[in-house]
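First the structure, which I've put down as structure tokens, then a few questions once you've had a look.
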Amino acid sequence: MIEHLPILIILGPLLGAVFASLTSWYRPKLSFPVVIFGLAISSLSAILIVFKLAFSELDVIHYQLGGWGTPEKDEYGIVGIQISVDYLNGLILATVSTIGLLTAVFSTRSVERELTGQQRYFFSLFSLLVSGLLGISITGDIFNLYVFMEIAALSSYALIAYGKGRSYMASFNYLMMGTMGACLYLLGVGFVFVKTGTLNIENLSQIIPQTLQNSQAVFVGFVLIMIGAWAKMAFFPLHGWLPNAYSYAPTASGALLAPLATKVSVYAMLRIMITVYSIDYVLKSPSIQSTVLLLSTISILVGSFFSITQSNLRKIACYFIISEIGYMVGGAWLANEPGLKGAIYHVVADAAMTSAFFMIIGCIVYRTGQTELKKLDGLFYKMPLTFVALIITMAALIGVPPTCGFFSKFYLIQGAVQAGTWHFVIALLISSLIKAIILFRIIEIGYNKVPNPAKEGNKTITREEAPLSMLIPTLIVTLSLILIGLFTDKLVTNFIAKALPEIPSL
Amino acid sequence: MEETLTTPFWIVFISSMAAVLIALCGRAPNLREAIIFLAAICKLALLSTLTSGVLDGKLYTFTLINLLPNVGLSFKVDGAGLLFAFVSVTLWIPVTIYSIGLLRPKKDLSQTRFYACFSIAISSAVGVAFSANLLTMFIFYEILSLSTYPLVTHNQDDEAIKGGRKYLTYLLTTSVGLALPAMIIVYQHTGSLDFTGGGVFNDKTSNTLLTILVVMFLFGFAKAGLMPFHAWLPGAMVAPAPVSSLLHAVAVVKVGVFSIIRITTGIFGVDLLANTPSLTTIICVIAAITLITASLIALTQDNLKARLAYSTIGQLSYIILGVGLASASGIAGAMLHIPMHAVGKITLFLCAGAIYEACGAKYISQMNGIGRKIPFTFTAFFLGSLCVIGLPPTGGFISKWHLLNGTLDSIQQWTFAIFLISSFLNAAYFIPIVFKGFFSAPSDEKVYNKASEPSMLMVAPMLITATGCLLVFFFSNFLYQFVEQFLNVYAKTN
Amino acid sequence: MAELPIWQYDTLFLILVLLFGITALAMQNLMAAAIVFGAYSFLMCLIWTTMGAVDVAFTEAAVGAGVSTVFIFATIYNTGVCAKPKNPRLAFKLFAGLICFVTGAFLLSALSDFPNWGDPYSPVNSTISPYYIENTIRDTHVPNIVTTVLADYRGFDTLLETAVVFIACIAIYSILRVDAAKSKVVEPDIVTSPPAYDPTDSLIIRQASRIMVPFMQIFALYVIAHGHYSPGGGFQGGVILGASIILLCISFDLKYVLRQWTEKKIMILTSLGVLIFATVGLACVIMGGEYLNYEVLDPILPGDKAYARSHAILLVEIGVGITVMFSMIGIYINLASNGRFDRGL
Amino acid sequence: MEEFIDKFNYVLVVILMMTGLWSMLAQNNLIKKCIGMAIFQTGIILFFISIGAKNNALIPILTETANHTYNDPNVNEVTNPLTQILMLTAIVVGVATLGVGLALAQKVHQQNDSFDEDEILNNQTK
């Protein structure tokens, strides 16, 4: 069974979703355990495969769907569809599937409350979204990536539209932007395909850097794929859809989409950048590189400044995502070792941070029913654990050591210093400080405004945490922020450094 | 002579563990406080096991986990670190006793939080003392900032929140905005963040870069209170007296200056500094300006705690000035000034709190004559101020002696005058308080009538620390041994 | 330039298609726009047929010109017909135009780098695709290369594509249906004959469709089953099957169809198709091969290894057909009845 | 110029795609946006199909004819099947997206009684 692990990662949630949609007509209560089972299989396989990679000599594990060709033949891997796990996507797979599983556990109660009577297909769609995201991460075929992209996208439109009210328009806008991104990606694939005739990522990575360095069509394809990925990840100036889509979505959808969807698009961008093309290729067009870096600086600043003007915790979190996207794109496009390390590390770190943030918001919504900052006074006294988790998460977002946010920032700044991109350094620092201001605000409202129990006629302040099925995943993810930080060196030397291509020295 | 030993880690970790236990024992105050004393005693015991080794010239190292390539969460115990750790842990005990005396009668609900955060703060102060590299130090530095925030805002009224906001804004802004990028630039240039004797830079590093880095580090570790990033210190005086004493005398500010000593000796290297006059000039000028300005401002303050706060800012600059001299005795003086000033200033702050408790007087103008009513408190205050001014037979004399010696060894000889002027200023803002307290006619009848010695739990710690001011004078040679060990590693060639 | 046998027609069609597309976008009446869009799709089929992409043309005819147009109709039926021409946002439109112009120019900058139209030696035509053409008979005994590649060589894409259709169906169900759950579905009384006279209802249409539907369905089954040898396969057949039911819905009435095909049945069968496909894949894993490696099914399917592949392709196509058919019906009913599952177009 | 004529189809394809893209960006009407999206997608499909076309080639279904046999087909006389498969997938994805888009548009219309983007925006900010 061990050789089938790569496909199990995708099949788990996919089949789980199909079964769940079947059972939902007979035993609606059964859908949830079925989905959990599927996600658990996927998460387990992903973790196993990460360990397999770490403890074996292999650099990459291939899986040949349909069993086409033997490794000796030329057509091996090209004729059929190949999925592969290497150091770059192993981590992403483990992160995505684990967060997917935890979020699923987390969402039960909130779905029960928010979507009473309408949750028939919720968990099917949830699971399909996870399988789409996992597929994007695992596939070794650029067209297959497009199909997975659409699976993830279609299910996320529905998940957002569960929010009712304004979420329909938000979802529609997301659909337009998402489809545009996917179409541009597909067109870019077409431009690459025209010159290479192959769709396999490994094969492309042999062809393009060697023979097609100066092909205009391949270059146009590169730009189109990048724009497509940016539209999907809400990179400035294509970020307009994100805040509404994620903040009007139901809590459970937000908690799944926000941490994973954008990060996986970043992964897709990284994969195309460093595997299909090469860092050489990126460095070859310095004008585009400097433009992208400038855009990521703007993205960071825009996200940060908008976040400080918001009064709703969920909107704040959404604008944080936009600024974090700027970190990752900028780090990747610095195109030097520390920058790329920072970008890849931040994909994992930010997935955990955003997940923790949205889960905490979910807990707060479950108990208090609102996310307006002003109304969270005395939160510490009502939900101490949740509040502490919120502080830790904010600290990670600011970049306080020893949380993971600090180390990604460390690498990113190091990369920017090496590349001499000072505006990026300054943007990173400013965004940290702005997040710090928001942290103070949260502390002042939630901790220093001691609620007066006498006013409500109670003797003491009633402590009421969210139910355990929500609290435990939240705490696990929050703790992981510190753990990821502490094991930075292990992660970087064992995985991220090996995932990097050879970087030409300047 | 390096030896791997887990003891440093346990020393740092014990009080964090204690914090957890304290948080759990919130309902049983006696147990809670027993845990604190137990932790402090354990810590002291473990520290003393290291003493003889360190004095023999050994360096104890321990790496918990590697965080970045070449850089781990690692500890290294040398003379300076051990000295600083001793100071902070020893002073933790009287402060705790004092806190019990101050807070228990008030039935303050948030005492548990107070003690827990206090323990974490001590933990991180010792962590800074034992850090083997810049990253570890930065981590503990930030934990200290965050863990002291609940202490500053202990009262949770508007004033406290305002002070707390100022406190965190200054500390986080500078550390994230200046120290962090400076650290990354160092890592980027040298690939190492370890504190080593000769510094990490090689000859190729340009002077401009070094100058920029020095400035970034000096202001980045704003806990050292260099102007213009000093405003958090007076702002944070809204905290209760034990917190102020911790903040302003032991943990926080000393961590700031200690960090700067570490960076200048371990990252830049004494040789490099001594050979680059422009760097020392910058350090000395910044410190000198802060020193004189702070002393002058202190003269104008009527609020006792504010005067003490500005005095602290001035005294911290002594230490930085000593480092800026880049001479062995200058650094020795700077190092010694940490315990000397700590013990003096803690006495003063405890006294200020005691005076307020005793008669509700915040302002110096109200305190005429009350010395006669509360003689113990005022005697302690007198000894504390002698120590801070630097007069024998108190410890401050010793460190100032070394500092003045250092100016003569250094090329920055003009600082000799600065030291002298500021000592006069110190005397000018402390002696009148004591004098008027004992000999003047009462200025505020209400205060005067109300005044009576506070509870024993508050008086005893003050007297202990006041005695400490004298003891450090007589046993200064013992303290100097630690410093000598430190100098052997970091400033050998001088 | 020497040989341009039929490509001139293509150019003509291309220009026509462009005109139709622009017209569809320019029309104020949405119903008219939808019809023009249908014609646009139909012309597109012709172009693809002339380029030799019969399967694509077939799918486009069924999907693009057929059900897509009906979906738009259904939506407009529930909402309104006209696009109000107020507030033209001229500046923004010009700006968007500029963006598109720049993008277009950027795309065309690669023009000289492209292989000539119809060049058999271009990288696309000479890298992997010859493998499919040369080996399809040896590997699977299926002469329709498209079917082989679709269901076997790139079968994983097709599994996912089926999943996409399934997702679209349950997504639309969740978006539209949920609200209506409150307003209880009124189960139709036992009606043996079509509902009473309705002025919009036409007897001719009803009778004609009554005759047509069986033939459509037989044809669709043929398309699925004969996909190995002629254009067609699960998708096309599934869409036609779906379309035949949709035709019933339109010419009769939703209730009439829902009596046969209840909501529950439709939604369950939708997921069943995906399940069949995925199970065939899983069977391969259980039999010891890679996922979707039909070759290892040889012991349980008749014939040698290549025939095992051929038969497995048929199984898979049936799965695809079921999912596509019921998804199309599900989507249509949801759109047409606005999620109420009672009455509609 | 000759090159331009040789590649005339690409020019038209690009114009078609950009028409669709413009409509997605600039049209107020949600249904028009959906139609624009469909046109953009067909443009891309057309692009793929044309890069796979071959002069004088047959459809990709093998037959026993004079030029080639089952077991040894003449590759240059059979249209590229690969691009066709890819586009089959793209068409199906396209209709799925269109369906979801229409469903969302219908919901939006239900709430705001309009397909006009500006009006909806006004309604929602009120």
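By letter and in written order, the chains are A, B, C and D; residue numbering begins at 1 in each of them.
Criterion: a residue touches a chain if its C-beta (ideal position, glycine included) is under 8 Å from a C-beta of that chain, and two chains touch if they have at least 3 such contacts.
Everything quoted here is computed from the prediction, not taken from an experiment.
A.B. asks: Could you tell me which chains make contact with chain A and chain B both?
C.D. replies: Joint contacts: the list comes back empty.
A.B. asks: Of the chain pairs A-D and A-C, which one is connected by the greater count of C-beta contacts?
C.D. replies: A-C
A.B. asks: Taking the mean of the CA coordinates per chain, how far is chain B from chain D in Å?
C.D. replies: Here the centre of chain D sits 70 Å away from the centre of chain B.
A.B. asks: Need the CA-centroid distance for the pair chain A / chain D, whole Å please.
C.D. replies: Comparing mean C-alpha positions, chain D is 29 Å from chain A.
A.B. asks: Suppose each chain is reduced to the average of its Cα coordinates; what separation in Å results between chain A and chain C?
C.D. replies: 31
A.B. asks: Rounded to the nearest whole Å, what is the centre-to-centre distance of chain C and chain D, using the mean of the C-alpha atoms as each centre?
C.D. replies: 13
A.B. asks: Using the touch definition from the top, which residues of chain D touch two or more other chains?
C.D. replies: 17, 21, 51, 83, 86, 89, 93, 96-97, 100, 104-105, 107
A.B. asks: Identify all positions of chain A at which a residue touches two or more other chains, and write them in rising order.
C.D. replies: Residues 143, 147, 150, 154, 157-158, 161, 168, 187, 193-194 of chain A touch two or more partner chains.
A.B. asks: Residues of chain C touching 2+ other chains?
C.D. replies: Expected reply: 107, 112, 114-115, 122, 124-125, 128-129, 132, 154, 157, 161, 164, 167-168, 171-172, 175.
A.B. asks: How are the chains arranged in terms of who touches whom: line, ring, star, complete or other?
C.D. replies: other
A.B. asks: Can you name every pair of chains that touch?
C.D. replies: A-B, A-C, A-D, C-D
A.B. asks: With touch defined as at the start, can you tell me which chain C residues reach chain A in the complex?
C.D. replies: It comes out as residues 106-107, 109-110, 112-115, 122-129, 131-132, 152-157, 160-161, 163-164, 166-168, 170-175, 178, 181-182, 264, 267-268, 270-272, 274-275, 278, 281-282, 284-285, 289-296.
A.B. asks: Using the touch rule from the top, collect the residues of chain C that touch chain D in their complex.
C.D. replies: My answer: residues 1, 3, 5, 7, 10-11, 14-15, 17-18, 21-22, 24-25, 30, 33-34, 37, 40-41, 44, 47-48, 51-56, 59-60, 63-64, 67-68, 71-72, 74-76, 78-80, 83-84, 86-87, 89, 92-93, 96-97, 99-101, 103-104, 107-108, 111-112, 114-120, 122, 124-125, 128-130, 132-134, 136-138, 143-146, 148-150, 154, 157-158, 161, 164-165, 167-168, 171-172, 175-176, 229-231, 235, 324, 331, 334-335, 338.
A.B. asks: Under the stated contact criterion, what part of chain D meets chain A in this complex?
C.D. replies: Against chain A, chain D makes touches at 17, 21, 24, 30, 33, 37, 40-41, 44, 47-48, 51, 83, 86, 89-90, 93, 96-97, 100-101, 104-105, 107-108, 111, 120-121, 124.
A.B. asks: Show which residues of chain B lie in contact with chain A when the two form their complex.
C.D. replies: Counting only chain B, the residues touching chain A are 65-69, 71-73, 135, 138-139, 142-143, 146, 149-150, 153, 156, 160-161, 164-165, 168-169, 172-173, 176-177, 180-181, 184-185, 187-188.
A.B. asks: Considering the complex alone, what residue numbers of chain D touch chain C?
C.D. replies: Those residues of chain D that touch chain C are 2-23, 25-29, 31-32, 34-36, 38-39, 42, 45-46, 49-63, 70-73, 75-76, 78-89, 91-100, 102-107, 109-110, 114-116, 118.
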